[in-house]
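Consider the two complexes below, in which subunit A is the common component and subunit B and subunit C are the respective partners.
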Partner chain A sequence: MSTFALRQPGELYESQKLAIWYFVVAVALFGAQIIFGLLLAYQYIDPDFLYQKLSFMTNRTVHLNAMIVWLLVGMMGGVYWFLPVETGREVVGIKLAKFIWWVIVAGVSVVVLVYLLVQIGPGNAFTLWFINEGREYVEAPRWADIAIVAWVAIFLFNVIATALAARRITGLLGVLIFDLVALGALYTAGMHYTVNVTMDQYLWWWVVHLWVEATWEVLVGVVMGWSLMYLLGTPRKLIETWLFLEVALVFGTGILGLGHHYFWIGTPEYWIGLGGFFSALEPLPLVAMVVHAVYDSGAHRMHTVNKPALFWAITQAFGNFIGAGVWGFMQTLPQINMYSHGTQLAAAHGHFSFFGAYVGTVLTLVYIAVQHLRPRIQIPLNSKLWSWAWGLLVFGIIAIVASFTISGFAQTMIERAELGSTWNAFIRSYTHPWYTNTHWWRFWAGVLFLLGYVLLVWDLMTIGRKPATEGAYD
Partner chain B sequence: MDIVRVEVYLDDASEPLAVVTEPPFNVRLDPAELGEGEHALTVVTHYQGGAKDHHEYAFDVSHKNNVFAGHISRAPLRAPIEVELVDAVERENPKAPNPVVYGLLPLALFLLVVVVSWYIAVRAESAAVDEPTNIQKIARSVAGAAPSAAKPAAGGADGEALYAANCASCHGASGEGVGSVFPALAGNDHLADAAYTIDVIVNGKPGTAMPAFGSRFSDEELAALVSYVRTSWNNSFGAVSAEDVASAR
Partner chain C sequence: MDYSWIQIAVAAVFLSVVITLVLSRGYGWLSPTFWRNAAVVSSLIMLFILMWLTFDTTEKVRPGAGQVPTWTVINHEIGLTWDAKKRRQVPVVGEKTGFFGKVYGPAEAYALINKGKMTLQSRNCMECHQILGNGAYFAPDLTRSWLDPWWEQRVMPMVGADSHEAAMKKWLMNPDKYPQGKRRMPNLHFTDEEATALVAFLKWMSAIDTNGFPPRFGVAE
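Presenting the complex of A and B:
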């Protein structure tokens, strides 16, 4: 991939045009996720707000599902963006890819409408197929599950067929192909209904954990590898060497790290040892990614073709390590998890890690694409606004995580260590000032985060439109 | 304006490195043929009619470990030509993928995961009932949760131990309750009505968090429990008998 064969807007590959649709929908869903998140934050303060119109449980479902969909869509958009550049040809099966994309957009809209319109009902075969499958994070009804698997399968076909047609395989493409196999196949594990709750959860975690802590992290490794090559001109050999190391560490620790979800769900006790050991090692690949990104940026003295994208890439490396690595490690050992699980510490980790690992990745990709949408390509891409958006989003998430962490500490102490899992402890921790005050912090931090999002969208629509001061780079 | 000729000068050279006279106006450089370090590329564009433009690119070349890589660090605005650096992989003639490894193997792995998860799920579904796990009690240090060995009441039922194990988590170890959610039992006048007290404990109180205990304990145990809450913490409403409980069921 030539690092700066910057094509003009009219010269985008069809696949890159499709990628732009992916990014538009991703950023729109990001907005929906934030709005529903703010609504949830307010319902903590006033639980009666919109009760039985938009109840907490419904908003939470939409908040989480919007997140999973937009991040996955964003990363897939990144692959559609780089794939023709990597292989030097148009993506094979692009018509099929466009068709399934619009099916998915329509499908997601229907699924969300059904969540909002049918909030309560029986759990039977009909609702399982058409309303809600009832499993947290992957509530989509089974018909939508099948559409999602078809979507990933077509995506996988695009990648494999393009590589075969271009007669070109690179380390990045090889890793991508096998990662997408795991991504698609593991999703099917979340589609089984069993009467045994332990068995049900056992397979459900194959999707939830093995997606975000294994296959998604590897996908991030691939698209961030392409991004660093584009942004900094890092040599491919360096990128691929690091990628192989990261893949070995992610799969080596993350697959059995699955055990940290098997501590208390009724699975055999050996999972406590297995999960404790391997999940404690899970931060290692994230350290590798930080070293890699910082080393590359330093080696090129931060010279880049795209400032906002490079900043988001570095934010991604640190955010992934701190949010997923440190905040995860804080509660992954079984001795600690026995007290902390089911408290808001889990939410603190969730917010920090998804923002760090995946929001950073998708925004890097979006800024890279935006550089090619203007009448003239501006190098380096820069504006004042992006840094405000970046600052507000990063500050917002840190404040949200801080308030979740503080309320989680209060819960761990009162609801677990001191009084055990009792009603008395529940009421006491829910009325403790560390718990109630942080609801307000979280809400106002969420408002700042929303403001950051508005600036981000504004920046994405305007950046590079006006050329920088004439002659500045001539 | 139509471009008639583009001249590309490397660093301070007086002779052009390349001259392009017809479209596409782009220049490809191979970092392997350039020295390591920073370079400047001056591009002179000649237009029809004699006008010309100067644009300057800056780029870095590295030769680390025989990987020849280049990267543009500064590209001019509105340069009418494109400059490309040859990518390391292009130079190395990339391998063509083996269709078995990258076509059939992924398909086989996909099916393997689907079949394994399906097998586990089918085995779980074949269980006719959801058998409860045999959970062993964990020794706890939480005050009041462990049954007290002292004071076994007549008939063997210990009201204090029953209270500690079943009621204290909400109503408090000393009957103090929690706020308005869990009513205090100490000094609670409702307890004066023995029939009401027995009814609430046996049948629970619908619409609140108070569960029914009637099916979980014998008449003797419930009588000991009701007597305990009616006579503890300065309450002096008197004891009840197992017959009272039996007649209230």
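Presenting the complex of A and C:
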């Protein structure tokens, strides 16, 4: 049984109540991400659909930004959920945390409305400050960047001040603080305008790569560590030893693995060798996470207090390894990357890895919190609906990734290898049946994914209201 | 820098392992202390090497220092040639022909390309196109767009322009009127100044030595 006491809704810490707001907003933005993803999928089929009204570029911006924000918000929510449990006290500075949270919610709403209604601006600094920075992943205008840094700083203050007030620095807290300092500092590297596009992209990857392939992975390690202690009652010493091993491997391979983004942007040739070598090793920590998850769940014969959360945790371990590890390795060596870089294969890897590494993590956390929302806590938490939602989401993403992968192979071969990478070569690749056939597959896979999302939300709103049939899922 | 990537990689791994082992004397390899030391040591060593390489790279990517061209490259003809030793294409800078009939001085060229970069960001180009291979994969990669034979073969006669840069500019200002392929670019309402600046930026970018990316550009046509 769990090492954490199960708390009734009335007994939740203020920090945990805030975490629930984080999760509500995260799940809502997940919905927005899927809707805009479906619009994009349909625009592949019919590029004239909503042309010049909500063009591909606008929908893609919202699809991508909704994803970054909901995943980050979900993981931060996980920290607010577990921090008081870990330290045995209320989070210090919780009023400030609540204040900045509503500022951020208001700010995100304004940013999205500007993306949708204003879309573009004149070619000057005003646009970069107030409309759109025009750099993929960090499109947020500069004023929003400053708000995000303030938000992460307050979050970091909450964590450090709470640990100090409780006079308790565990291995998990130490890693969390170390990681959050890096995460916040790295974001500022993306707030820099330079005309030299090579230098621009050099620093841009410090945010994009060193977030998703380094600091986010370690944040996942921390919140999944707490989750496994809750779900399976895994001893702290085991969790912390694995976490240290994962940090050693993630930072040991991922920091210089950054070099795989420096193959073709005008940076010196030594990055080709360094990036290839270290990024080829990047799957190692992901293998370690799979071994850990399988070992832990096997050791407990899958007995847990919360079935859906455990399933999402195991999905996370495998999804992270296959999506980030295998699909990443498939195209990371420069010998293939020269041909596959910037094709639909990159989109295949992106979809699979974000789903595996981060969607799985946040949904684990959300289900853990849901267990404490209803007056009578159900042990184990279970329902029929979650398994349908899980099945549709997992099947949906696999089908989406398969479609991207096939069109990616076709594009790599036709556009790059055969026809010589020009505009005409590009058109001939995306009009080839091997590519166009996948448009409908990914659209319908997206519809199934949306259905999975609807069931997920339905389940989250109803699960635990009535006792599950005992033993039905054991 | 006088070190090869293999020397750097071996040194990074070797130092991480040896320092971890020295600091963890007396602890078994299954103890948390051993892995805590490994985590701290490997993170710091990799970070240190990244910082060192960043200083080196920053020097080498200054315009004119090596693979990134000077701003005034827009006054010249630009092409790609096959480097038999490196076994990849490299950009070549040819004779001075001017840009829109004018020869730009260094400061003027910088200001123009800067305006082009601002325009590129303000119109969110990366959310369809790729810049140096990075972007949204819905529209063509722009790394070598200046060098694309499509401008002369198809766009020049279509828009009725008499030069390469004029064809690009006219097309960029009216992409909805001159569709290429099935996916049409939206009209992003470039001003005359912005369109000129954007073409200058794209011309400058096409002269960056990208270690051969995108591969075999224009070879098969």
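FYI, the second predicted complex is superposed on the first by the 464 of 474 C-alpha atoms of A that agree within 3 Å, B and C clash if a C-alpha of one lies under 4 Å from a C-alpha of the other, contacts with A are read in each partner's own complex, and residues count from 1 in each chain.
Note that a contact is a pair of C-beta atoms (placed from the backbone, for glycine too) under 8 Å apart; a residue touches a chain by one contact, two chains touch by 3 or more.
Predicted, not measured: the structure shown is a model, and the values here were computed from it.
On the superposed subunit A, the two partners subunit B and subunit C do not both fit; they clash.
Legend: residue contacts after superposition of the two complexes on their common chain; A:114 is shown touching neither subunit B nor subunit C.
Within the superposed three-chain model, A:266 lies in touch with subunit B and with subunit C [touch as defined at top]. Shared-chain residue A:188: touches subunit B; no touch with subunit C.
After overlaying the two complexes on the shared chain, residue contacts for A:147 are found with neither subunit B nor subunit C.
Shared-chain residue A:169: touches subunit B; no touch with subunit C. Of the two partner chains, subunit C is the only one touched by A:123; subunit B is not. Judged by the touch definition given at the top, the superposed model places A:303 against subunit B, while subunit C stays out of reach. The wider contact with subunit A, measured as residues touched, comes from C rather than the other of subunit B and subunit C.
With both structures placed on the common chain, the touch criterion links A:196 to subunit B and to subunit C.
In the superposition on chain A, contact of A:50 is made with neither subunit B nor subunit C.
Common to the subunit B and subunit C interfaces on subunit A are residues 178, 195-200, 202, 237, 266, 419-420, 422-425, 427, 431. Interface residues of subunit A, counted against subunit C in their complex, comprise 44, 47-48, 51-52, 55-58, 60-61, 64, 119-125, 127-128, 131-136, 139, 171, 175, 178, 195-202, 237, 240-241, 244-245, 247-249, 251-252, 255-256, 258, 261-274, 277-278, 338-339, 341-344, 346-347, 416-427, 430-431.
For subunit C in complex with subunit A, the touching residues are 1, 3-6, 8-9, 12, 16, 20, 30-32, 35-36, 38-39, 41-43, 46-47, 49-50, 53-54, 56-58, 60-63, 66-68, 110, 113-128, 130-141, 143-145, 148-150, 176, 180-184, 186-191, 194, 197-198, 201, 205, 208-221. Residues 55-56, 60, 62, 64-65, 67, 69-78, 82-90, 94-97, 99, 102-103, 106, 109-114, 117-118, 120-121, 123-125, 127, 129-130, 133, 140, 142, 145, 168-170, 172, 178-179, 181-182, 209 of subunit B are the ones touching subunit A in the complex. The touching residues of subunit A, counted against subunit B in their complex, run 1-6, 156, 160, 163-164, 167-170, 173-174, 177-178, 180-182, 184-186, 188-189, 192-200, 202-203, 206, 232-238, 266, 300, 303-305, 376, 378-380, 419-420, 422-425, 427-428, 431, 467-468, 470-474.
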